[in-house]
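Each of the next two complexes has subunit A plus one other chain: subunit B in the first, subunit C in the second.
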Partner chain A sequence: MAIDVGILINLGFYLSIAIVFAILALGFNLQWGYTGLFNAGIAGFFLIGAYTCAIAITAPAPPVPGGLPGHLGGFSLPFPVGAALAMLAAGGTAALVAIPTLRLRADYLAIATIAFAEIARIFTINLETITGGTIGILLIPRPVDYGPGQPFLNMATIVGIGGAILLILLLFLRFVAESPWGRVLRATRDDEEATMALGKNTFRYKLQAFALGGAIMGLAGALFAVTLVYLEPVGSFAPAVTFSVWVMVIVGGAGNLRGAILGAFLIYGMEWLSVQLKDFAPEGVKDTIFFIRLMIIGVLLILLVLFRPEGILREKKRTLR
Partner chain B sequence: MDSNPILGVHEVQKAFGGIRAVDRCTLTVAPRSITGLIGPNGAGKSTLFNLIAGLYRPDGGAIRFGGVRIDGLPPYEIVQLGLTKTWQIPHELKNLTVLENLVLAAKGNAGEHLTNLFIRPRSVRSDEKRLRARAREVPALTQLESVANEHAKTLSGGQKKLLELARALMSDPSLVLLDEPVAGVNQTLAASLMDLIATLRRDGRTFFLIEHDMNVVMNRCDTVIVMHQGRKIAEGTPATVKADPAVIESYLGG
Partner chain C sequence: MAVASESESAGKTRSWQSRWGALRLTRRFRRQLLRGLIVIAIFFALNAALASAYGVGILQYTIAGLVVGSIVIVAAIGLSLIYGIRGFANFAYGDLMTLGAYVAVIVNVLGGLSLILGAIAAFIVLGAVGILLEFLIFRRLEGRGPVAPLVASVGVGLIIQNGIRAVATTRQWNYDVTPIQEIPIVPGLGIHPIRGIATLGIGFLFMLSVHILLKYTNLGKAMRATADNLELAKATGIDTRKVRYAAWAVSCAFASTAGVLLGLGTVVSPSMGFDVILLIFAAVIVGGIGSPYGAMLGGLVVGLSQEMSIPLLLWLGRPDVIGLQHATAYKVAIPFILMIGVLLLRPWGIAGRPPAFAPRVFFVERLSRALTRRPAVADQSEGDG
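After this line comes the complex of A and B, so read on.
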């Protein structure tokens, strides 16, 4: 008896998107969980990564029927190059946004980043010759493509690639963030003035952490582009994406790498599940199930903040020998 | 003292709004001394410490440390030169352990540079190992041994004061500014803390301390400087300062 391939593909879709969110959460965790920098424009860095990669790896666009604008591109670069460019673009943008604001009070970084993300999205909608406007970018090539007849293989491959990227990123962050360098980040988070008085140039550390976190969000964007194989700016990069990532890190456990990943799989899992359950829900609930999901997340957050403010997986105590 | 001062504050000013917290203050601290800074609340003592440590930028005047101008330098560069300060209200790094607080306070840890993690992994490991060993041996740690691997936020008030001193010593400073090192610390611990400071002074370090405990000031300091309304109003041995009419008037009380 064969298992319904549709279910597997559906499950693969959940995994592939949850992986993208897990990478976003790891980027935000480095910025906020480790360094205390509150990024309110996650969606913007995610967008820059996604579009940079998509433009870099797509083939020359065929003429679009109806005289639609198409987009910049046709470079046909391999995915690893596209992903590297995405990281550079998003990380560089993060540094540019951070330089004027990091010296100011923490609130200004949040204001600047939320404004940046919205500006990026509005530009993306309107710069049609570069981004394809509201139509977006279609026909983004998969890193490995088994053709249209093999949806399961294609999905399994993208989950494998995403999983490998997530694993490598986790190992990289464990090496980098759980180091003396990462210790200065945590010190800056706890008390920046004291850390400065202990001889650390905290501005430099904040800038590095913010740019690296931004680059990681760009990587998430690159993976997102080849997972969906099309990009559209209106919904995929809305402020709600930023809010979801906050919730993932808060629920999973700020300052804990595995916590951020767990939070992403959990919170995106609830979203995915609410879509799956829609068909099985009783008549009266069908249309409201999405709102029920939001309510559940809200109640969960309140309970968590009350009873376990450090998240499901709390930050580890680093015992030195 | 005949030798050149280790710290020279010249005509330093700092105003917050209309209030002149430090008003053209001039004073010097002799090397290898324990110099006390006293004065009524609001005299500008803590502000002066923050100016010296680089946490505030002076509005005017000059500050020299070992003959080098340090006013206007950021605090992290001043620490590199060998001047550290502790805080009146402990600024322990709450979610770091006691040992982490100490290792972090050391200078020249290769692993604190992001690029070194990749290009000099061997120095990163050896520095970290060396500094962890040093943190275990920092003098003030003896009384924190049992909590060495606990988060700093779990310490008692007295333990946090000890941590402040231990952390300051980790950077191997020649001058330590202590902002009320024994405030809120029980008598026994306060005495052993001051004994430790006396020992460290004999090893060649200089201490400049703000303290309201007159016992500590009179018995432990070589020189006492009195500040009032942002300026120095008296300086001398504890005995002379104690007898100074201006000091009695403004601080000690009749």
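After this line comes the complex of A and C, so read on.
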């Protein structure tokens, strides 16, 4: 029985993180799939969301022996408030990053956003009094905590909360995509000049879509913080996160909501499996399995771009009848 | 590409009467020369002022900035060539630099030969890698906009970086060169013969060779034409396919040399190239995308600004000022602040010329117009937006 619970908890961990990635993929899908804005700084918005939420909801840090630097915090706000703050912070930063670059070609935006993400990571690692430096933020409270004796219930609750958020987001984005607003976004992506000629202020629409996408990534960060219950800046928010989300959306199909979610579950499934299989791998491969996984992601990126740029589920054809 | 237009009519009546009129510099070049001299004068005055105020030792940051600048220049020229001719941001560039550095490690450390041979081997191998990349991947992505090749290049970068980690493990390597003492210029200020002088020299050599390549060879002319207007270049009978292969070879070969120089200055490690790729992008954008001459200027500006910000950051880190922790870690953010400024004010770069039909109403222009909103009469004949 104990083994069964262990497997279930492991599976729950997979589900909860896959949900976080699915939300990230939905945010990126709104920015790139619908609006054509190529965001290369997903990890940065994710980071801002995660740290904003973590700082907002943690209790005052108890004095830790060993002289940990500690972090800004002690507000003990409830999780929904923390998540809302995370969305505000990430969305606001997204708007700020986008303003100078949205009028320029797509690759300027890519460079500016990846630069922003790296700067955000450097600041997070070094601003110890605010973010806890390389140690990060520990003891983040769960939204509902059954105590340390009930790991399964805790995990199930997180998966439930994440699943609910994902479902609401999916419905919301479906509504948005079919709305006149979403139509303008797709029109901007397909032919910006024609959309401008129709009297739409495409800059404003692009800015709104980018900020909304950033806010969704911030929400993913907030969920990530309460799922892991700790944050560390070096590995969790590396550029590899951004590249993984690209693969997820491209695999699933850009411009298709179900595709983005499917891609997230598939690609994170691969990552999770590589962790699970590490113990069974032969001696020579054991230490390199993570590098091989990243190489596979690279190969996937190239092959998909070359041979199936529309992904598994292609975007719905919307034609006038 | 920013190319000085040679045949600018220089005042038809007067200059032809004088015997030396034909040798008069064009007005555009004179203007650029004047501007350049002013900037250089300000730079020297600033350094002289710093040296007199804080002692000669502070000039070590200027020297470090010039050294970093010349590494960035070599890399940025290569990146800019591909950017101009293939029209996308090559995110694998940093990892190509790493690959070049590792090829030199194989020759120099494992093979026991001199580093110069290693650098030459890396130059050749990486040139071949560039041709291979274009042949296998990027030639199939022509006409798919800037994002598809960008994504593919990230894939290439991931494969190279993690392939190196899987094969050569994550350990760090040092090149096997004879240790030489720093040469003192004046007491308290020295320069390292290899890390300093050689790097500066190689940077200058590459700048010169690119200038000769672009200005005085048929290939360079074809490259400039292809970067300027692909369709027009095709129509005039330039074999743009060949130009693209040549550009990839030159670009990746430059990446290898930049990688070797970078490894010489610090250590060779799997993530060394990826860690500086954003710096190189900042240089390319500050100088003006797609222009190798802009890349030279941008590389210099980026390198100098990053290294010369260290004393300022150290001052900020003093407990009686702000007490910023790990103050020097923020030096890498300075080039990006410059980059954002350039994107706001001059998105075509400090060296580039504004495109004729660019959307001129940028954020700042709009802001200044909103602040000085006057009746429509005052706003005459500017004709933009």
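Here is the rule we use: the second predicted complex is superposed on the first by the 288 of 321 C-alpha atoms of A that agree within 3 Å, B and C clash if a C-alpha of one lies under 4 Å from a C-alpha of the other, contacts with A are read in each partner's own complex, and residues count from 1 in each chain.
Quick note on the criterion: a contact is a pair of C-beta atoms (placed from the backbone, for glycine too) under 8 Å apart; a residue touches a chain by one contact, two chains touch by 3 or more.
Not measured: the values here are computed from a predicted model.
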{"item": "Partner chain(s) touched by A:Phe243 [first = subunit B, second = subunit C, both, neither]", "value": "second"}
{"item": "Partner chain in contact with A:Ile19 - subunit B first, subunit C second, else both or neither", "value": "neither"}
{"item": "Comparing the two partners subunit B and subunit C, which touches a greater set of residues in subunit A", "value": "C"}
{"item": "Which of subunit B and subunit C A:Leu198 touches, first, second, both or neither", "value": "first"}
{"item": "First, second, both or neither for A:Leu231, with subunit B first and subunit C second", "value": "neither"}
{"item": "First (subunit B), second (subunit C), both or neither touched by A:Pro180", "value": "first"}
{"item": "Touched partner set for A:Lys317, first subunit B, second subunit C, both or neither", "value": "first"}
{"item": "Of all residues in subunit A, those that touch subunit B in their complex", "value": "175-176, 179-181, 183-184, 186-187, 189-191, 193-202, 208, 255, 315, 317-321"}
{"item": "Residues of subunit C defined as touching subunit A within the complex", "value": "88-89, 137, 140-141, 144-152, 154-159, 161-163, 165-166, 169, 274, 278, 281-282, 285, 289, 325-326, 329-330, 332-333, 336, 339-340, 343-344, 347, 359, 362-363"}
{"item": "Parts of subunit B lying in touch with subunit A, wherever the complex brings them together", "value": "53, 55, 74-76, 79-80, 84-85, 87, 91-97, 99-100, 103-105, 107, 109-114, 117, 124, 127-128, 132, 135, 149-151, 167, 171"}
{"item": "Residues of subunit A defined as touching subunit C within the complex", "value": "38, 99-101, 103-108, 110-112, 114-116, 118-119, 122-123, 125-129, 239-240, 243, 246, 250, 287-288, 291-292, 294-295, 297-302, 305-306, 309"}
